[in-house]
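In what follows, chain A forms one complex with chain B and a second complex with chain C.
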Partner chain A sequence: MSDPRTIQEIQRSIRTKKAVRMTVLTIFVFTVAILYFSPVLYMHLSAFKTEYDAVSPSLFFKPTLDTFQKVLGDETMYGYLKNSLFQVFVGTIISLLLGIPAAFALTFGKFKYRTTNNKIYLWFLTTILLPPVAVIIPLYTWFQTVNLIDNRFGLMIIYVGFHVPIVVWMLHSFFSDVPVEILEAAEIDGCSRFQQLTLIAAPLVKTGIIAAGLLVAVFIWNEFFLAFNLTGNEAATLPVYMARFREQQGMFVAQLSAASTVVILPAVIFGWISQKSLVKGLTAGGVKG
Partner chain B sequence: MSGVTLKDLVKRYPNGFQAVNSINLEIHDKEFVVLVGPSGCAKSTTLRMVAGLEEISDGQILIGDRVVNGVAAKDRNIAMVFQNYALYPHMDVYKNMAFALKLRKFTKEEIDKRVRRAADILGIVPLLERKPKQLSGGQRQRVAVGRAIVREPEVFLFDEPLSNLDAKLRVTMRAEVTKLQHQLETTMIYVTHDQVEAMTMGDRIVIMKDGYIMQVGTPLEVYDSPDNEFVAGFIGSPAMNFFRAKLVQADGGLAVDTGSFQVKVPKEYHDAYGSYKDKDVTFGMRPENIADDLPEDSRGQWEKLNAVVRLIEPLGAEIILEMESGQQRFTARVDPQSKSRLNQTAQVYFNMRKMQLFDVKTEQVIPRR
Partner chain C sequence: MKHKDWLFLIPGMTTVAVITQVPFLLTLVYSTLRWNLARPDLPVKFYGFKNYWYFLRIQDWPQIPEFYYIVWQTVLITFCALALCTIVGFLLALLLDHAIPGVNVARTLILGPFFVMSTASGVIWKTTILNTTFGWYGVIAKFLGFTPVDLISYHPIAVIVILFSWRWMPFFVLMMLAGLQSIPEEIVDSMEVDGTNWWNATFSVKLPMIRKHITVAMMLGLIFLVKEFGLILVTTAGGPGTSSYTLPYAVYMQVFNASNVGRAGALAVITVILTLIGINILYQTIQKRSAIYE
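The block that comes next holds the complex of A and B.
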């Protein structure tokens, strides 16, 4: 039995079905997205309200920049900001400086047994799974004995320790995509092991290094738990400032929102810039391009 | 410029597997030696040991008079061309070629002079500013060769450099590398699995199998007088036909009896083969020494037998026939004018002067004289 419709009619009905399906999917996706975004939106809106308006979550109000002025005028915030910037820049750079050679060595190093590379690499990975809560108490007592509580460098050491494995993890897959013959050619051409990394391998995985750096920077910028527990007034970072905000200044929704908006801004901008390389970085090695 | 000597060279892996088994080989200065063999025969491993990319487990490698066992690859003054080109993707062609010289702190003028001369030899001057990914396979391989040339090394090493190129380009590049060798007059060691490449390029061919050298010789030597069954079967295309046979007495002379047919051994080989009378042997006959048509007067040493044609492969310049005689199957390479028809019986002639006999146990050739 043949279909009585013409080909055009069949094509049209397929197209209609597709359109309906796309519409339903789009609505669903947007609903979920808005649901997730609503707290952030609430925060952003509140940031532009007066404290009086901020009590109600209404969408309609007269926007004002007064709250921002107040928040940015708070001198104490700049100390925290300085600490945060220090951790982000110094912590990220040291994590990269240690992580890049480590990933390189674990990818191309010649151990006696070939499986050795993989074993060490897996040990590195397991440390990513380690929850900071699990180590906070020994870490705290140990930090107390060596006098590193509320010390910038103390916190930085911990940040580097936690983030080197992430760098290694990301770059290992990037390095694995570099054909070993290229390094062998460089070796014959006269490169030392170190030059093979700096002149050949590192430039080839530039995207990966940028992605890893951005990711680590955002992680450090956002990190709260360790900073909260290991610092006092001297070395605390912005997330700690946010947490203490309520204790020190009281429950001012508008001010809190404005401060939060300022604090998450760099992370959002970072994310925006690095979207492409981040996706590439996080998926590299999974699928061969 | 210098030769390369391998002395009792051994490569053993930590798991105990011995890939290279006590190889001895002397490669003369300015010689073009091709290492050839099926995959897994350790030809690449051997080359990589010369390069310094693989550790030497035992034995010695000498470049010139210098033992290089402990010497790092970069200090061996060798250059290597890889199968997948291994160009530096982030550098343009010029920088790729200049890289080694820069590391060795040559002056800018000297680098420029050498790069341009090499580019000129290889015809890649217009490509100097391109990145590797903007080049075709053949161009990339030229650049890889150029990168080796500028170094003016003592020894060139090639690890299957043409395997990634398409068939036509491979033939052109083959000739180019050979020409280049004559031009540069440098020792070259070339690894390939392609026996045609080996035959056409090498001054001498080293045929390897399972980490052993099976034979070393000029292309014609290994072709005409193979040392063993493996070499006889590996060199030449289509491969030599082998028949399980018995050497028997017939008509006052010797004959090879395959069970399906009997062919007479020429008188001049009787002395050499005499001791194998009544013994099992492997009888070898190259396809090109089998004809399906011969003028009457030139049938002197050719032995006639009947065979059925099972497959015809016309290649233009020649025809490959798969034939069957009783239990025995064999390949013949005949004139394109051949009148043989599929599934019909044809008369074929074996050129017995070119016969080879091999010991069944040792697989070594039984010398003809």
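The block that comes next holds the complex of A and C.
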């Protein structure tokens, strides 16, 4: 009580203290974040170096686009890129086409036993837990007998099988937020089940569908184990290109950086865009269920 | 109406079953066969548990066969990476939970590595950071006055743990941050009014409140870590020798280098069993700990 300061002075000192704490915290958080991301940032930076500059690590240099031109002018990369785009587009769309109706039926479908919905949903979840090594051997021998090794469509089918459960898992919680009454009303008005899904439920869970699609697209874009083991030169995707880069092109740091930049940028941008819905999908799917 | 609902389910279920369940059952069958792709002269025949026995038997004690080392390395790498991801991930999530200017940018930066493909991250780390002559590690070590040792050949396990954690921690941060942000404002406010200190507020209030998020992050994270293959292939390639093999990597070597389908099948089945045991132990531990708060 013997504090001689006026109330205004005390308030002001509290405010300055808070401002100082905020500034320190902000600087600290950003230092941590930038350091965490620095390997990727430095790689982006090195992509603008000449091969000569890139030999010794440095942050300051004269930026050039030569290395990019060299990497993008390399014909071999386009083959891999085409395959990756094919897998991402076709694989994601088919995964969604199979996964959306399944998630819908698991949420609203009426089966003979009431527990059926939950049982099948759990079955889908357990398939997510299965590591790819558990299935690679039969797939490899099958593919050899039917000549699907190094075939785009072969790999694509596998991707669909592995990603449908993820779509089901993420969308199940989004569909659960749709009130049953809307669908019941639609049914009375003469909507078939198919129309209930396409005209009413699907538009309502649009964000969920986009999030699931983006997540699956990122997973397929980055998938390495299956692509590496089931493809040769014809159907290989970009992760395989990255893994082979050193043996095929040699030790060129700047070229390597430029190639990685081109290869990872789409996924990182996709990922960042979908961040918010991704969080909702992942937490709602996992935490509630 | 009832039977029509099945039509929505069957296409998806069939695809998933054919792609994931049938091959797994076949892997079980293969693991009991003598089948070597490189030896077409030997007929494929039933072999019982001999493939498992090949890995599991300890012929001349105290010499422990390679298989046990590989299992130990897999457990060690997965456990260390999981622990690092959870603990450091939680701390990062706490940091990112503050309402500071531009916090979304910081979140985005930390989330980044999750979307970078593992072969690219492995290659980046190997050439621009860990390389003793061209990488930052080498330059900084020389600047500080000691000779850099090649980390990839001298401490392969540590390198892999760090890389695994760097690549997958963002996922843990994402989940735990979502948990922290779902804590009602009133609770945070009332803690401030009550003058709860930071330690108690964090570990006695916030931590138990987001245990469901932590459970999901750890279970899925475990799967991600067990699956990880590209990072090992491009950084250490399992070496030197077999000192950084994990079980998935050993399966790959058995099929594609040794061409031994039977033995690879046995290893794959062992991998699945160990993964399930790991998930189960993790789940039980978390359940037990969270029962205290129920």
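A few points about this structure:
Keep this in mind: the second predicted complex is superposed on the first by the 250 of 289 C-alpha atoms of A that agree within 3 Å, B and C clash if a C-alpha of one lies under 4 Å from a C-alpha of the other, contacts with A are read in each partner's own complex, and residues count from 1 in each chain.
Heads up, the rule we're going with is that a residue touches a chain if its C-beta (ideal position, glycine included) is under 8 Å from a C-beta of that chain, and two chains touch if they have at least 3 such contacts.
Computed from a predicted model, the values in this text were never measured in an experiment.
Following the overlay on chain A, a side-by-side fit with no clash is recorded for the pair chain B and chain C. Of the two partner chains placed around the shared chain by superposition, neither chain B nor chain C is touched by A:80. Judged by the number of chain A residues each one touches, C leads among chain B and chain C.
By the touch criterion defined above, A:238 reaches chain C but does not reach chain B.
Look at A:112: by the touch rule set out above, it reaches both chain B and chain C. By the touch criterion stated above, A:68 is placed in contact with neither chain B nor chain C.
When the two complexes are overlaid on their common chain A, residue A:121 makes contact with neither chain B nor chain C. When the shared chain is aligned, no partner comes close enough to touch A:143: not chain B, not chain C.
Legend: residue contacts after superposition of the two complexes on their common chain; A:37 is shown touching chain C, with no touch to chain B.
In the superposed pair of complexes, A:174 makes contact with neither chain B nor chain C.
When both complexes are overlaid on chain A, the residue A:260 reaches chain C alone and has no touch with chain B.
Put simply, chain B and chain C get as close as 7 Å, counting only Cα atoms, in the superposed view.
Shared contact residues on chain A (touching chain B in one structure, chain C in the other): 112. Considering their complex, residues 112-113, 179, 181-182, 184-192, 195, 200, 203-204 of chain A touch chain B. Only residues 22, 25-26, 28-30, 32-34, 36-37, 39-40, 42-43, 46, 54-57, 98-99, 101-102, 104-106, 108-112, 120, 124, 127-142, 157-158, 160-162, 164-165, 168, 193, 197, 218, 221-222, 224-225, 228-229, 238-240, 242-243, 245-246, 251, 253, 256-257, 260, 263-264, 267-268, 270-272, 275, 278-279, 282-283, 286-287 of chain A touch chain C when the two sit together in their complex. Put simply, chain C touches chain A in their complex at residues 1-2, 4-6, 8-9, 11-13, 15-16, 18-24, 26-27, 30, 92, 95-96, 98, 100-103, 105-121, 123-125, 127-129, 134-136, 139, 166, 174-175, 177-179, 182, 212-213, 216, 220, 223, 226-227, 229-230, 233-234, 247-248, 251-252, 255-256, 261, 264-265, 268-269, 271-272, 275-276, 279. In the complex of the two chains, the chain B residues touching chain A come out as 14, 51-53, 72-74, 76, 78-80, 82-84, 86-90, 99-100, 103-104, 147, 151.
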